[in-house]
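What follows are several structures.
Two complexes come next, and they have one chain in common, chain A, joined by chain B in the first and chain C in the second.
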Partner chain A sequence: MKTYLEPEFIVERNDDRCIRCKVCVNQCTYETHYYDEEDDQVLSRDENCVNCHRCVVFCPTHAITIKPNPTRYTENWNWSDEAIFTLKKQAESGAIVITGMGCDKPYLTYWDRILIDASQVTNPSIDPLREPMEIQTFLGAKPDRLEMEYNNGDIVLQTELAPQLTCETPIMFTALSYGAISFNVHTALARAATEFGTYMNTGEGGLDEQLYKYGDHIIVQVASGRFGVHAKYLDAGAAVEIKIGQGAKPGIGGHLPGEKVTEDISRTRMIPVGTDALSPAPQHDIYSIEDLRQLIYALKEATDYTKPVSVKIAAVHNSAAIASGMVRAGADIIALDGVRGATGAAPKVIRDNVGIPIELALASVDKRLRDEGIRNHASVVAAGGIKSSADVVKAIALGADAVYIGTAALVALGCTVCQGCHTGKCPWGIATTDPWISRRVNPDIATQRLVNLLRGWSLEIKEMMGGMGINAIESLRGNRDRLRGVGLTDTELRILGIKMAGD
Partner chain B sequence: MSPIANLNNTYGDDKVHDACGLFGMMDRSGRLFDAEEPVKAIINMRDRGNGLGGGFAVYGIYSDFKDDYALHIMYLNPEPKERAEALLAENFNVRRSEQLPVDSSARVVRPPIIWRYFVSPKADRLHGQPTDDFVVANVMRINTETGGAYVFSSGKNMGIFKGVGFPEDIATYFRLKEYRGYMWVCHSRFPTNTPGWWGGAHPFNILDWTVVHNGELSSYGINRRYLEMYGYNCTMQTDTEVLAYALDLLRRRQNLPLHIAAKILAPPLWEEIAEMEPKERRLNMALRQTYGSLLMNGPFSIIAARQGEILGLTDRIKLRPLTAAVQGDLVFVASEEAAIRCVSPKLDRVWSPLGGEPVVGRLKGFEIEEIATPVIR
Partner chain C sequence: MIPAHLMGAVEIRGNAAYIDASNLYYKDLNKILRSLGNPEKTIHIRNVYGQRYIGTDLDQEMEIHIHGTPGNDLAAFMDGPAIYVHGNAQDGVGNTMNGGKVIVHGRAGDIVGHSMRGGEVYIRDDVGYRCGIHMKEYKEKRPTLVVGGTAQDYLGEYMAGGVLAVLGLTLGEDLVHKARFIGTGMHGGIVYLRGKARSLGKEVDAVPMKEDDHERVQSIIDSYRKHFGVEKELPTSSFTKLVPVSKRPYGRLYVH
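Presenting the complex of A and B:
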C-alpha cells in the first residue's frame, strides 16, 4: 500500500560543514541518514526522522538542522494536520495508534498559572546560603497524636510510628519499568536515588537482581501483570507500591511489546523471550475498595509490616473520593499521576483524552482527606508532567508530601520527548532494550546527571522556601496561602483552594 | 469542614501582619496585684505599637465565679448579640450577664459593645462531651454563625480586655485599675492592616489559653488547615489565633507537657536531632514527623499563659526578641529587658532564651498533671 503520510520533519544538512564522518548515520537508529559512496554524500530519509536530535547533538561540525515539515494541509481548526495525519496512519494500519511519553495537548498547565509568595518587610526572608533550610521528607502514615508516659521526669514515647520512607529531598523517580527503559537507565536511577538519599520506583517490570543492593532506596511496584513479583523482590525494596493506574493511560494496563522482551527482561519479568507483556486493565483481584484492602494487607503481611505500602492511581474525575477510600483501606502513601504523566507505550487516543490535570486532582484529594480528618494517615505523592523545581514547590504547597518525576529525569539523560519510546529504538539508549543502543547510556555519567538534577532542584527549592520565610518543608506542605492564581476562573481557584493574585 | 467564607474579620484581610510589644508578669506566690506595673511596662515599649491595638489578659480576677466560664463577647451590632445570647441560653446556665464596665472618656476608636457572661454548660446538652470541648464548640459557633459576635475570652477566673488604641488607653477604657490578678499578659500592637478592628487586637484566647504574639507566621496556611481537621475554625485569620488553638490541642486535648508542646511549635533542626541520644532522638523525630504541620515557621515570639502557667517562646532561629527575668516570686517575660527593668530595676536573674528554648513559669504548689490519661474521643 502506498503510504499517504508525508514526512513530519525535514532534515537539513549544510554540505559545506559536513565532513562525511557518518556519525549521524551511525547514531540514527531509525536509519534516517545514509552515506552515498558514489557521490560521497550523506543523505537523509526525512520520513524516518522523529526529531530526537541525536544526530544534531553528535554532529561534530553542527551541520544538521531538523525542521518541522513546512508543507501543511489547508488550515482548518477541526481537521488539523495532526488529525489528518493520525487518520491516514490508522487507515494504513487498521490498528490502535500507539505513542510514547505524556499527553502533548494544550490542556491548561495549572503550574504555569500559579505564582509563589515571598517575604517583604513584615517577615524576613531566610538566606539558605547562610542558614539551615530543611527539605527532609518522611513518607508514610502518621498518627493523629503521640501518646507519652511521664515517668519520674522522663518522657517515654508510647506511640510506635508506622514505617516511613526518608527522602533527603521531596523528589523521587517515578515508576519506569525495566523493559520500557534499559538496564543502564534502571541502574542509574537506583544509584542516583541511593547517592542523593531518595527513591526510585521499579515500575511494573520487576527488578534485576544486580540492583537489589540499592534496595534501601527502591520502591518495588506490584501491577496487574505481576511481572517480576516474588518474595525476594518484595523483600528487596524499601516500600511496595500497588499500581492501579497511570496518568498516561488511565483504565488500561501496561504494554511492553515482545520486541523489547530480551533474555534479561524475560528473566526479570518471568515471561518467555519475545512475548508481549500485556498487563491486564484492572488488577483482577481488585474489583472493589475492599479488595484493595486485602491486597494492601497481603503485601503488609508479606513484608512483616516493615515497609509502607503505596497505592498509585491515575488522576481521574473522582480521585478525591477514591483516595479517601484508599486511605481507609490502609494505604500509607497515595500516589496520584496526572493526565500529563508519561509512558513507554500507550494508545494515543487514551493518552491524549483520559484523566485530569494533576494540580486539580492533588488539590481536591488533599482537601478531601483534610475534610474527613484523615490526611495524617497517608502521605500524598504527586506526579505527571512536573518539569521544574517551581512545579515541585507549587505541588507541595497545594498539599503534596513529595513528587515523582519521570520525564524530567529522562530528559536529564538526553531524552528530547520525541514520543517514540514505543518503537524500542530510542536513539538516546533510554527507552530501549536493544543491547547495542542501550550502551549509549553510561551508568556512571547518567548517575551523575541525575544527581545533578536532584541537587539543582533541591537548591532551587531551598531558595524559594527561604524567600517565603520558611525553613522547613513541613511549613510549606499544604500551605496554599502562599500561592496565588493568575488567569484562572473562580471555579478553578476554588478547586485549587488558592486566591487570585492581588487578592 | 471549615467553610472558608465563615470569617469574623470584617475587613476580609488575608491575614493580619503584626509587629508588637509583649509583656508578661506572674507572681508565683499567687499574690494578686493591680494594673499599675504591667501598664507601665507596656507603655515603656511604645515604639513597638502604633496605637492600633492593645490588650491585657488577667488571671485570677473572677474568684467569685471561679467555677464558671467567664465569656467576654464583642458585638459589632445588636443582632448578633440576640443570636449569641439565644445560643447561650439554649446551651448554658447563665449565672450573670452584664456589660463590661468602661470609661467612655478614654481615647479609643469606635468601641464595640462588649458583654461578660458567667456560664456553665447545661448537663443535658453535653451528651457525654467533656465540658471544655463543649465550650470550644460553642465559641466556634458564636464566632462563625452569629455574624458579628466574637468571643474575646472563654476561660475560668480570667478575662481579656482589648481593643483599638494604645495599651494605656485600653487600660483606662476597661477600668483595669479596678482588677487584681496574679498574672498579667499585655500586648501593644503595630498592625500593618486591619485598622480599627477590635477583634484583631491581642491577646487571643480559647478556654484557659491566652496568647500574645509578635511576628508573622510564614506557615500560617498549613497551621490553620491542620487545626481545622481538629475542629478549630480560624475565623480571625491571625497568626496568634492558630497559636492559641495549637496550644489548646496539644496541651489540653492531647495532654502533652508544655515543653513538648514548645518543641512542636519550634522544633530542633534535623541536624541537631541527629546528634541526640537514641531515646531523645526517637522522641524528637516522632514529634516532627507527627506534628510537622504545627511547626510555627517564620519570625515569632509569644507569651502563652493559662491558669497557673506562663510560657515564653521564640521561633527556632529567633527572628524576634524575647527576654526573661526573675525577681523573688516574680517571673517576667517581655520583648525588651528595658520594659522589665522599668518595673523592677533589680533582678535576681535576667536572660535571653535561645531560639526555640521555652521559658516556663508556674505558680508555686500549683499542680499541673503533665500526662493524665488521655481523653478518649
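Presenting the complex of A and C:
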C-alpha cells in the first residue's frame, strides 16, 4: 500500500560545511543519512527522521539543521496535522498507534501557574551558602505520637519506628525498567542514587545481579507481570513498590515486545529470550483495597517488615479516595503519577487522554489524607511532569514528601524527548536494548551528569527555601500558604488549596 | 531464634517441631517458621485457622505439615520447602513461588499458582477462578500445577510457561470442564485437561498429544497417585493438550 504519510521533519545539510566524515550516517539509528559514493555526497531520507538531534550534536562542522516539514495541511483548528497524520497511519495499519514519553498535549501545566513566595523585610530570608539548610527527607510511615523516656539526662525513644528511606534530597529516580532503558542507564541511575544518597526505582523488569551492590539505594518494583520478582530481588532493595498504574497509561497493562527480550533482558525478567513480556492491566491478585492489603503484607512478610512498601498509582479522578484506601491498606509510601508521566511505550490515545494532572491529584490526595487524620501514616511521592527544581519546591509545598523524576533524568543523559522510545532504536543509547547502541551511554559520564543534575536542583531548592526564610524542608511540606496562583479559576485555586496572587 | 513470648506455642523434639497455631497471629507464626529449619527439618503446624502467608519467602529444604485451613497466599515467594496441607487451602496458593512443593489434600480457592515460576503445586480436588494465571518458565525453572478436580473460569490466563494439568476427577461421565475462557491470553506453556473444555480463550488451540506429552502426563498422574492414593484408571489418551496459537498473541496490535 502506498503510504500517504509525509515526512514530519526535513533534514537540511549545508554542503559548504559538510566534510563527508559520515558521522551522521553512523550515528543515526533510523538510517536517515546515507553516503552516495558516486556523487561524493551525504544525503538524507527525511521520512526516517525523528528529530532526535543526535546528528546535529555530533556533526563536527555544524552542517545539519532539522526543521519541521514546512508543508502543512490546510490550516484547520479541528483537523490538526497531527490528527490527520495519526489517522492516516491507522488507515494503513489497522493498529493501535504506539508512542513514547509523556503526554504532549497543551493541558494546563499548573506548575507554571503557581508562584513561590519570598521573604521581604519581615521574617528575613536565609542565605543557604552560609547557613545550614536541611533538605534530608525520610519516606515511610510516621507514628501518631512518640513516647520517650529520660534516662540520666538522655532521651531514649520508646516508640518503635517504621522502616524509612533516607533521601539526601527530596528527588528520586522514577521506575524505568531495564528493557525499556539500557543496562548502562540502569547502572548510571543506581550509581548516581548511591553517590548522592537518594533512590532509583527498578521499574517492573527486575534488577541485574551486578547492580545488587547498589541495593541500599534501590526501590524494587513488583508489577502485574511479576517479572524477575523473587526472594533475592525483594531482599536486594531498600524498599518494595507495588505498581498498580502509570501516569502515561492509567488502567492498561504493559507489553515488552519479544524483539527487545534479549539474553540479558531475559535473565532479569526471568522469561525465555524472544517471548513477549505481557504485564496484565490489573494485578490479578488485587481486585479491592482488601486485596491490596494482602499483597502489601505478603511483601512485608517476605522482607520481614524491614523495608517500606510503596504503592504507585496513576493520578485519576478518584485518586484521593483510592489513596485513603491505600494508606489504610498499609502502604508506607504512596506514589502518584500524573497525566504527563512518561513511558517507554504506550498507546498514544491513552497517553494523551487518560488521567489527571499531578498538581491537582497531589493537592487533593494530601488534603484528603490530612482531613482523615492519616497523612502521617504514609509518605506521598509526586511524579509525572517534574521538569525543574521549582516544580519540586511547588510539589512539596502542595503536600508531597518527595518527587520522582524520569524524563528529567533521561534529558540529563542526552534525551531530546523525541518520543521514539518505543522503537527501541534510541540514537542516544537510552531507550534501547541493542548492545551496539547502548554503548553510547558511558556509565561513568552518565553517573556524573545525573549527580550534577541532583546537585544543581538541590542547590536551587535551598536557594528558594532560603528566600522564603525556611531552613528545613519539613517547614515547606504542605505549606501552601507560600504558594500563589496566577490565571486560575476559583475552582482550580480551591482544589490546589492556594490563594490567588495578590490575595 | 524463636522470640521468647512465642516459645509456648512451639515444641521441639529432635529434628521435628510442633507448633500450636490456635492462638497465633500470622506474623508470629511466620516468625517462628523463619527461625526453624536447622535442625528442625519436619514441622507440624496444628490448629491452623486461616493464617495468611504461611511459608512466605522460606528458602530452606524442609517439610511443613499444615493441619487445618491455611489462609491466602500460602507459600508466596517460597523457594524450597515442601508444604503438605491436610485440609483445604484458600486463595493465592503458590503466588509468585520460585521453587518447592505445595500438596493440598483438599480443594483450593482462586489464583492458585499466580505467576509461579518454579516448583510444584498439587491440589487434590477443585480450584477456583484464574488458576495458573501468568505462570512462567525460565531455563531450568518450569513450574507444574496439578488440579485433581476441575477449575473455574480463566484457567491458565496469560500463561507464559510451565505445565498445568487438570485431571477432572470430580467431573461427571461426560468429562466436560465447565470453566469458560480457558487460556485467554496464553502465550507459553502447556495445559493438559482430562476430558474436554467447554470454552477456550481465542489464543489457545487443542492439539494432538505426542509421545512426550503422554510421558509427561503419566508422570504427573503417578505423582498425583503417590500423594493422594487415587484408584481410578486415568489413561493418558483421555487428555486434551492445549497450547498457545502464537508466542506473540498481540503482535499485530500496534503500529509505531
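We adopt the following convention: the second predicted complex is superposed on the first by the 495 of 503 C-alpha atoms of A that agree within 3 Å, B and C clash if a C-alpha of one lies under 4 Å from a C-alpha of the other, contacts with A are read in each partner's own complex, and residues count from 1 in each chain.
By definition in this document, a residue touches a chain if its C-beta (ideal position, glycine included) is under 8 Å from a C-beta of that chain, and two chains touch if they have at least 3 such contacts.
This is a predicted model, so every value here is computed, not measured.
*Asks:* Scan A:Gly467 for contacts with chain B and chain C and give back first, second, both or neither.
*Replies:* Neither: A:Gly467 stays clear of chain B and chain C.
*Asks:* Considering only touches as defined above, state whether A:Leu161 meets chain B (first), chain C (second), both or neither.
*Replies:* first
*Asks:* Tell me the contact category for A:His230 with respect to chain B and chain C: first, second, both or neither.
*Replies:* In the superposition, A:His230 contacts chain C only.
*Asks:* When the two structures are overlaid on chain A, which partner does A:Glu131 contact: first (chain B), second (chain C), both, or neither?
*Replies:* The answer is first: A:Glu131 touches chain B but not chain C.
*Asks:* Looking at A:Gly197, would you say it contacts chain B, chain C, both, or neither? Reply first, second, both or neither.
*Replies:* neither
*Asks:* After superposition on the shared chain, which partner residues are touched by A:Ser475: those of chain B (first), chain C (second), both, or neither?
*Replies:* first
*Asks:* Can you tell me which positions in chain B touch chain A when the two form their complex?
*Replies:* 1, 14-15, 17-19, 192, 215-216, 218-222, 224-226, 228-230, 254, 256-257, 260, 267, 269-271, 282-283, 286-293, 295, 297-299, 316-317, 319, 370-371, 374
*Asks:* Touching residues of chain A toward chain C in the complex: what are they?
*Replies:* Touching chain C from chain A are residues 89-90, 92-93, 95-98, 224-226, 229-231, 234, 255, 257-258, 266, 270-272, 274-276, 278, 280, 284-285, 294, 297-298, 301-304, 347, 422-423.
*Asks:* Which residues of chain C touch chain A in the complex?
*Replies:* The touching residues are 26-27, 30, 34, 52-53, 56-57, 59, 72-73, 76-77, 79, 91-92, 95-96, 98, 111, 114-115, 117, 130, 133-134, 136-138, 141, 157-158, 160-161, 185, 187-188, 247-256.
*Asks:* If we count contacts the way the header does, which residues on chain A are in touch with chain B in the complex?
*Replies:* So the residues of chain A touching chain B come out as 119, 121-124, 126, 131-132, 134, 136, 138, 142-143, 145-150, 155, 157, 159, 161, 164, 370-371, 373, 375-376, 397, 468-472, 474-482, 499, 503.
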